[in-house]
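Common to both upcoming complexes is chain A, partnered first by chain B, then by chain C.
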Partner chain A sequence: MRSDVVEPRRSSGRWLQWRRKSTPYLFLLPALLIFAIFMLYPIISSLWLSFHSQLNPETGLSLDNYRRLWNDRLFRKALINTVFLLLYQVPLQLSLAMILAVLLNSALVKFRGALRLVYFLPAITALFAVALIFRLLLDEERGLINYVIENLGFAPVHWMTDAWAAKFSLVMAITWRWTGYNMVIYLAGLQSIPYDLYEAAELDGADAFDRFTRITLPLMKPTILLTTVLSTIGTLQIFDEPFLLTRNGPANETLSMATLLYRTAFQTIEPNYASAIAYAMVLIIVVFSLIQFRVAQRGEDS
Partner chain B sequence: MAVHESSRSAAKVQTRPVARRNLGRKFVLYTFLALGSFISLFPFYYMFVQASQPSSEVLRFPPHLWFGSAAWTNIVGLWNNGFGRAFLNSVIIAFVSAVLSVFIASMAGYAFAKFRFWGRSAIFGLFLLVLMVPYLVTAVPLYKMMASITLFSKDNWLSTYQAVILPALANPFGIFLMRQSMHSLPDDLLDAARIDGANEWRVFWNVALPTMRPTLAALGIYSFMFQWNSFFWPLIVMREKSMETLPVRINALVGMSIIDYGQLMMGTALTTLPIMMIFLFFQRQFISGALAGAVKG
Partner chain C sequence: MVRKMGAMLLVVLLSTMLLSACGTDEATSTPASGATDSGATNTNSSSNASELSGEITVWGWNVAAEGLKATVEDFNKKYPNVKVNVEDVGRLDVYDKLTAGLQGGGAGLPDVVQVESDRMDVYTSAFPDGFADLTDKAGKYKDQFDPSKWAQSEINGKIRSIPWDSGPTGLWYRTDYFEQAGVDPKSIETWDDLIAAGEKINAATGGKVKLLPVDIVADDAGFRMMTSELGVCCYFTPEGKINVTNKESVMAMTKLKEMYDKGLIANISGWDGVVGATKNGDVATVPFGVWYSGTIMDQAPDLSGKWDVMLLPAFEKGGNRAANLGGSTLAIPASSKNIDAAWAFVEHALASKEGQNIMMEKFGLWPSFIPAYEADLYSQPVAYFNNQPIWKMFADEVSKIPSATYTKDYAKGQAAIAEAQTKVLTQGMAPEQALKEAADSLANQTGREIAQ
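And then the complex of A and B:
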């Protein structure tokens, strides 16, 4: 069909032929321009900056920033804090999302649409808004959560001044914000699993737990991997929550790599060093993603 | 889907003991789901309640759980703190970003899906690669860039709309989304228009685009929400008070020596409310946007 149309046009002149050939490039042009200027150039420029010493900018290409980064206690702290968040938050959030998705997918549930809406609502809320609402809820002296805790007869928790509690308040805020988002992804995955599989398993005497571990989990593996990678990448770049909810405190205990980068680039104004931090983050993100893909593959082999 | 539903309801019609067991299960199930809904919704309720309290009453012990009478006072206070302008800035930035990114992404997606050309997979691979790079990497050079461009501006591009809008358009996700749905467009339809004498632009604009409306809406809403909620980059680049977006303005309130919590929560509520309204009207597009965002091409 297509060639019938193209042939007569080709014969009708070089101009038309050239125009046909250039058409896709013209359609791509705006996107390419925007990308080259606002994405590709900054990515390369940042790499270039990171190899120019912050302290002696005149020395040309050097590994100075990376050497400094290697010994930087503050960066190490930010890295540990961020990975800590990751290790607690991602499994918690994803397993909650999976539980909710499985429950919602159950044949017994009515109002599935409305419930999905309710659970998804936090996922459309701005991160800064989440941070501020939780700051109010978690206020140490007069927050609602401590009020409830005290009325239940426990000692109030120092959500902002105790290192562990501050980390946990970040975990809570992030989990509240993202669980519904992942749940919607899981729900879509669950609905693509043929119902016959479950029926056959039930006839063979498999109970609900068996059906979940033998049918649901294996079939959902690609989706689980995807959400794990996405949440990992997101958490490694976390900025709004530590910046607004815990303000990096107490004593940098909730400083994240991204808030450290912001501080270095725009408060102490060390752009070259900040670029090195940024590229260290790229490296860490790549490593984490590769590990996850590896683990998933190994699981497939066995 | 329809098949699933019917087989499910068929499974429900069973003998008595099973029905009784289902009743117990249902109770546990609904209790859990109700608890989840409460946790999901309560922070919103609390935000609206506190937004209606005078500042002195927000952090009162025991905390208020019902609406106060200071909603209007807080709105007036916000207005005097430059919120009207910040709201306008946010609307302009989010709206223009949404329109432009739909436009750019649909053109690029169309080229990738409907043409074979030299360098196609290389360019597409480049976009894919960019998707892996964290947005933080671009912050320093972009800031330097905005501080040095003087084109179309009296001074430089710091604290301008274009400084926030343009970088956000470089979002490969939109291109993937459009490419994906343009694939389903039949070539015959486009060729028929070509035979009728339509030029390539009209084939795209009058034939291809109108069939893409649901995807265009999903991408537009996604882009709008992304810009409306974005905090990191506007915080860096909007240095003048008159150019701040809503999140940046609210952050400035948090930085004041005496924080007016009533105003703060009202500001947060007013920022959240428009997105909630759009969400309730366009849930389908929102959720398909979230799913597409997860699948990414």
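And then the complex of A and C:
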């Protein structure tokens, strides 16, 4: 320390000032470097790749990949599947999460700590194990679920070969995994609502339903917006469940944009075209997120 | 306004960051289990056995990896200073890591890697110099390898991998189920005979045992064996046109549909599903390549004596019953720091009788190296398989397998046919219609013409 104090005497005031100003950036440098190497560089290099066609390499910089994407039936199918999943997955999992959060926040339920843990556990379970267990449960020949259904006297369900059943399997697996995660976020939000508001409302004669719709929901709006945007981005990028559980089947009925991207990049080895798919996904996600912000904002203004 | 802009920026940043995690893997990802450090590098290019030293890593899967491990002992007698690590990475993982590694200029790749013959074109077209050019080293062996396999390894006049095993197909069957249903296996000549036998077995076992396993959603192996038998494998003509709407392909798909409609197909998922059905006795037969013998013996030792094998049935009496499914090669990524040691290992395993036959005897990996057939084991009975000399059947079959066409779009063809198979079997679509849709989809994805 002492020598540090002596040192500045030699250097000019400008040097000192520069040093003071640059210190925070120096501390940031390692993180920025890592970001640049592992994030920025791939982002830019895949943008570059996406403008180079592998089918016609001699064209140089071209829009071929995007033109192909526009006419690609597989991509269209993947997009429809993903948006479809989004439309019922996000509302389902978020409303379930909200119900659970309100229940677990109330003083009436016992073992709240244990229950919270139980609902959150799926979110931190290894995905491969989850998919494997769901696959075993839903197996058409020897699965437990079909065994139960058959013993109840119903026809077995073709979980993996029937389009709707496969989509339903996906919804089940995703809901199971992500409800608890959103529930925890909601719980945190609920706990930040001052209790006096509820007391006052109760004195004014508001019943439980009114208290929920007039106090809880409006005050939870930022949290709900956050989870909606996160779940939307997550669902638009859904990969693990369709890849591991339904394996994009039957007949691409559960093909998602991300699994198509993976298939294109790794199985048919067209990284350039896969990059174009990635950028299309970014664009779609941005559009969806902006719509959500817009809707939320309009609600605020009125 | 400022808030709005901030929100917008946040969304853009958030989504790009999240996306880049999966969007650009192919550009930078380095497989977790890096294995490039080959230790001491052999700078001396002379192939003097005792001078060759260092450490090499080899990637393969299942019995193939086991087979390679079995060759290491003899290899080390010749090359005591080369340490060999054979890693069973798993089939799909090998391909994913290989793609990522080649894209990354060889980062994280092993010194020797298993690649199925039908996938070679996929890799060599995307990465023309990704695998080392072995022409100078391996050229002298050309006449000693199965010509059809050699052709798949020779790309634009350069040898990019060494043929390993072939996949002459057989119909593996349970002798006890056939007996129980009173069906004589020798009476089966056509697929129709087999379907009739399947119905009898299914009835005799109270509906418990189905005829054969099919991974309806994801794998078209049955279709590929049938089209190989009919001489129109795999998805494209030698001229490069899409070839899935021909009458043979329709015949194959129709036969699969007939089996499914009669309740004879066990719908399994993935490799584990086939192995499970084999072990648990859910199916009476499994049509697969000769390499499946190793898996049956390995996974179901308690069923010794109850499995036997015959040729695949033909589509008409007296028709061709020879087909091929699978078969691999060994390639050396050009990034290997010890290509000489890697080559020495490949040469010992694949271009020597000892290497090939140890893998054949223990794991049923059918050699592409012709001199290996001189060994006695090919005429000897195999205790596990009903004490029959089953290798003789495959030896006779190999020369009758119709030629097949493999292209860089092979993986796309597989996905398109798996989709068609799902539509035909489970959604009741007519085979002609589903295959036409597959052809259209392939045209859309590859820009190729559809053969008339």
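Note that the second predicted complex is superposed on the first by the 280 of 302 C-alpha atoms of A that agree within 3 Å, B and C clash if a C-alpha of one lies under 4 Å from a C-alpha of the other, contacts with A are read in each partner's own complex, and residues count from 1 in each chain.
In this text, a contact is a pair of C-beta atoms (placed from the backbone, for glycine too) under 8 Å apart; a residue touches a chain by one contact, two chains touch by 3 or more.
All values derive from a computational prediction rather than experimental measurement.
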{"item": "Combined model on chain A where chain B meets chain C, clash or fit", "value": "clash"}
{"item": "Which superposed partner A:42 touches (first chain B, second chain C, both, neither)", "value": "both"}
{"item": "Touching partner for A:71 - first (chain B), second (chain C), both, neither", "value": "second"}
{"item": "Partner contacting more residues of chain A (chain B vs chain C)", "value": "B"}
{"item": "First (chain B), second (chain C), both or neither touched by A:160", "value": "second"}
{"item": "Partner chain in contact with A:34 - chain B first, chain C second, else both or neither", "value": "first"}
{"item": "Which superposed partner A:108 touches (first chain B, second chain C, both, neither)", "value": "first"}
{"item": "Which superposed partner A:137 touches (first chain B, second chain C, both, neither)", "value": "first"}
{"item": "Touching partner for A:55 - first (chain B), second (chain C), both, neither", "value": "second"}
{"item": "Which superposed partner A:251 touches (first chain B, second chain C, both, neither)", "value": "second"}
{"item": "Which of chain B and chain C A:263 touches, first, second, both or neither", "value": "second"}
{"item": "From 38-46, 128-136, 182-190 or 218-226, the chain B stretch with C-alpha clashes against chain C", "value": "128-136"}
{"item": "Overlapping contact positions on chain A, where the chain C interface meets the chain B interface", "value": "38-39, 41-43, 45-46, 49, 139, 141-142, 233, 237, 239, 258, 261-262, 265-266, 271, 274-275, 278-279, 281-282, 285-286, 289"}
{"item": "In the complex with chain A, residue positions of chain C that touch it", "value": "4, 7-8, 11-12, 14-20, 22-28, 95-96, 99-100, 103, 122-123, 126-127, 216-218, 266-270, 277, 280, 282, 409, 411-412, 415, 418-420, 422-423, 425-427, 441, 444-445, 447"}
{"item": "Contact footprint of chain B on chain A as seen in their complex", "value": "1-2, 5, 19-21, 23-28, 30-32, 34-35, 37-43, 45-46, 49, 100, 103-104, 106-109, 115-130, 132-134, 136-137, 139, 141-144, 147, 176, 180-181, 184-185, 188, 191, 195-196, 199, 226-227, 230, 233, 236-237, 239-240, 244, 258, 261-262, 265-266, 271, 274-275, 278-279, 281-282, 285-286, 289"}
{"item": "Parts of chain A lying in touch with chain C, wherever the complex brings them together", "value": "38-39, 41-43, 45-46, 49, 54-55, 71-74, 135, 139-142, 158, 160-163, 229, 233, 237, 239, 246-252, 258, 261-263, 265-271, 274-275, 278-279, 281-282, 285-286, 289-290, 293, 297"}
{"item": "Complex contacts: residues of chain B adjacent to chain A", "value": "1, 3-4, 7-9, 11-12, 22, 25-26, 29-30, 32-33, 36-37, 39-41, 43-44, 46-47, 50, 58-63, 103-105, 107-108, 110-112, 115, 117, 120, 123, 126-127, 130, 132-145, 166-167, 169-170, 172, 175, 187-188, 191, 194-195, 200, 204, 225, 228-229, 231-232, 236, 247, 250-251, 254, 261, 264-265, 268, 271-272, 275-276, 279-280, 283, 286-287, 290-291, 294-295"}
